[in-house]
């Protein structure tokens, strides 16, 4: 089997096993916060850097399709954070400085900070109100969190740097979207109607 | 005088003279459309490419500070365009393909298209419902619209390519913002309160 | 099992099965084009819209870590496309207008167009020099390509809209990166040294 | 005269007067650093937030047209900062936290930090190797630097928040571009050939 197919299967397996070991109370807290933000029209702000920011943006697009009031740090029309807004800070290592800076500032405004990270003891996790642990290695190659070691064992993964965290977080966020569809009674057709159109139509 | 100071003065003079020759009915139509969009909570979508897109984004930020429902094509949370939404398409030459494609698609949705361009006979101006002519040269160096020639005469400007259009459009949009502040009775302090904060606070 | 875990496993299974049915000659052509672009220092331009653009950007970051001369359409420092440059156009449906517009323009410049799409008969696939078929449904909910039906059968997936295409393309691109690491003899440590730093360091 | 025309003239006058009071040695240091970066192929990284970031991006596009190796913090293909790279940090107040965080990190890498700001005593100016003072007010409405007061006197400007700083910095950067064209012997036609094309051509 080629390395390409092998890597895709490694990523798939990592996502599948993560689905089994995700912490139930972390997930239900995260979902409750999102449902409440939707009900109370509180803003959600996605914060991240690099590929984690891209995964966060992919989540933000789908939250918009579900009619959430969602924004992304660094884009043009991002409004100020206020009390009771929700910050979703994505950082595998939990040490990305720009994410820490923004999360700290948001905390001072009275926002709820949710960390999506591999490391429960990271600086980001420590300043957050809620944490969802998604396994994966950090940029410091060999360093791995507890759950990542549980999944990988002594096996050295093919996927470099933060890849396993990023791809697994993408699948996790998409699982959150499907759950919210059911909870909020929103169909795929409803979402299609809230999808951007001017870039797509000829 | 250094070339740097000379260029800044050329840009300043171009903005100043443009302020005198802007068409009054084009301006008042544009302002009325914006005030109505604000009153009826219609979306405004900014469309542009290159430096024109950046000038459009700077305008979008200020419209957000004035509490408009404004978005930028190509960013994460851009919603679909619907009937009665307003498209502000910025293109000096009026020939930027990606802008034409998006404006045509938006037109099919029943949106109002406003072209900000130097060329009244350009493809963009022709498919738009309203046009605001801002002078400036195009990327095709020597080519200039009627008003640009009126301002520059036989003088070959120092500022290259679309610079005069872009900088003058920036100042024009900022003039629109001040006019809207008065019309909507919004103070600088109100705007400051709607300014993004997490990137700014330590 | 919760819907969230179920969706993650559905995505994982879809990635895993796609790894088995990917076309060998499509993959090896794609890899050869990338290796040659790297050797000859030809530019690579990533083109996409919405979540497909985000997946393309995640790929672009890793190509940069492998020292490719790679750019993304719509960002600040994107240079012009020239003869022999490589365009990677990502669109599940193969019908995204803005992607078609850019791919056609690039084709006129003599660039090589590679389509990453689910539909072999789509407009994008037809104007491309090379195609890599990644299964997934389109935004038109029930519509599915041949391979997607092969994977899903009569099963209606939980993941909405283009999710399966986007997440599978993410994993596919990461498989391409690992393959290129081996082919170009680049280590994870080398990649870490080409990773952006100012946003990460305290 | 309408408020719109009045505001445009205010901005034009502010740019014109700034052209007179810019510090000669600050300008020549800035130009020398840029010419050296070009000669030695050192990277230039533009750092900013909000409208200052947009003005910085407009400058980055033109530097690219002049064949500089220039990048923007936060975009997809931004490489790591190394010793002798040049950071251009744009912040009217000199207090934007995210800019300070990035500039400090870059300083630790041995990069040269250039602050474009209104306030000589700001935190940003203090951690920078070189400063170019561009007048303008800060987001804290009434607060103004020495030069801004010199230009405006007791007059309360129409343009809100950081507008005068942003528009004047845009014109200043465009003046820098024209100066570099002469110093590096680059024509408008050369620049046109390095301009992005796939978004423009039909």
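Lettered A, B, C and D in written order, each chain numbered from 1.
The working rule: a residue touches a chain if its C-beta (ideal position, glycine included) is under 8 Å from a C-beta of that chain, and two chains touch if they have at least 3 such contacts.
Predicted model, so just to flag it, every value in this text is computed and none were measured.
*Asks:* Would you mind telling me which chain pair, A-C or B-C, is linked by more contacting C-beta pairs?
*Replies:* A-C
*Asks:* Which one, B-C, B-D or A-B, has the same contacts as A-D for more than half of its contact pairs?
*Replies:* B-C
*Asks:* Measuring from the mean C-alpha position of chain A to the mean C-alpha position of chain C, what distance in angstrom results?
*Replies:* Distance between chain centres, rounded to whole Å: 21 Å.
*Asks:* Centroid of chain C to centroid of chain D, CA atoms only: how many Å?
*Replies:* The computed centroid separation for chain C versus chain D comes out at 35 Å.
*Asks:* Nearest whole angstrom, what separates the Cα centre of chain B from the Cα centre of chain C?
*Replies:* The separation of the two C-alpha centroids amounts to 34 Å.
*Asks:* What residues in chain C touch two or more of the other chains?
*Replies:* 49, 57, 61, 74, 97-98, 101-102, 105, 195-196, 199-202 - these are the residues of chain C that touch more than one other chain.
*Asks:* Within their complex, state which residues of chain A touch chain C.
*Replies:* It is residues 2-9, 11-13, 15-16, 18-20, 22, 24, 27, 31, 49-51, 54-55, 57-58, 61-62, 65, 95-98, 100, 139, 141, 158-161, 163, 166-167, 170-172, 174-179, 181-182, 188-189, 191-192, 195-196, 199-202 of chain A that touch chain C.
*Asks:* In the complex of these two chains, what residues of chain D are touching chain C?
*Replies:* 45, 47, 57, 60-61, 64, 70-81, 87, 101-102, 105-106, 108-109, 193-202
*Asks:* Please name which positions on chain B make contact with chain C in the complex.
*Replies:* 49, 74, 97-98, 101-102, 105
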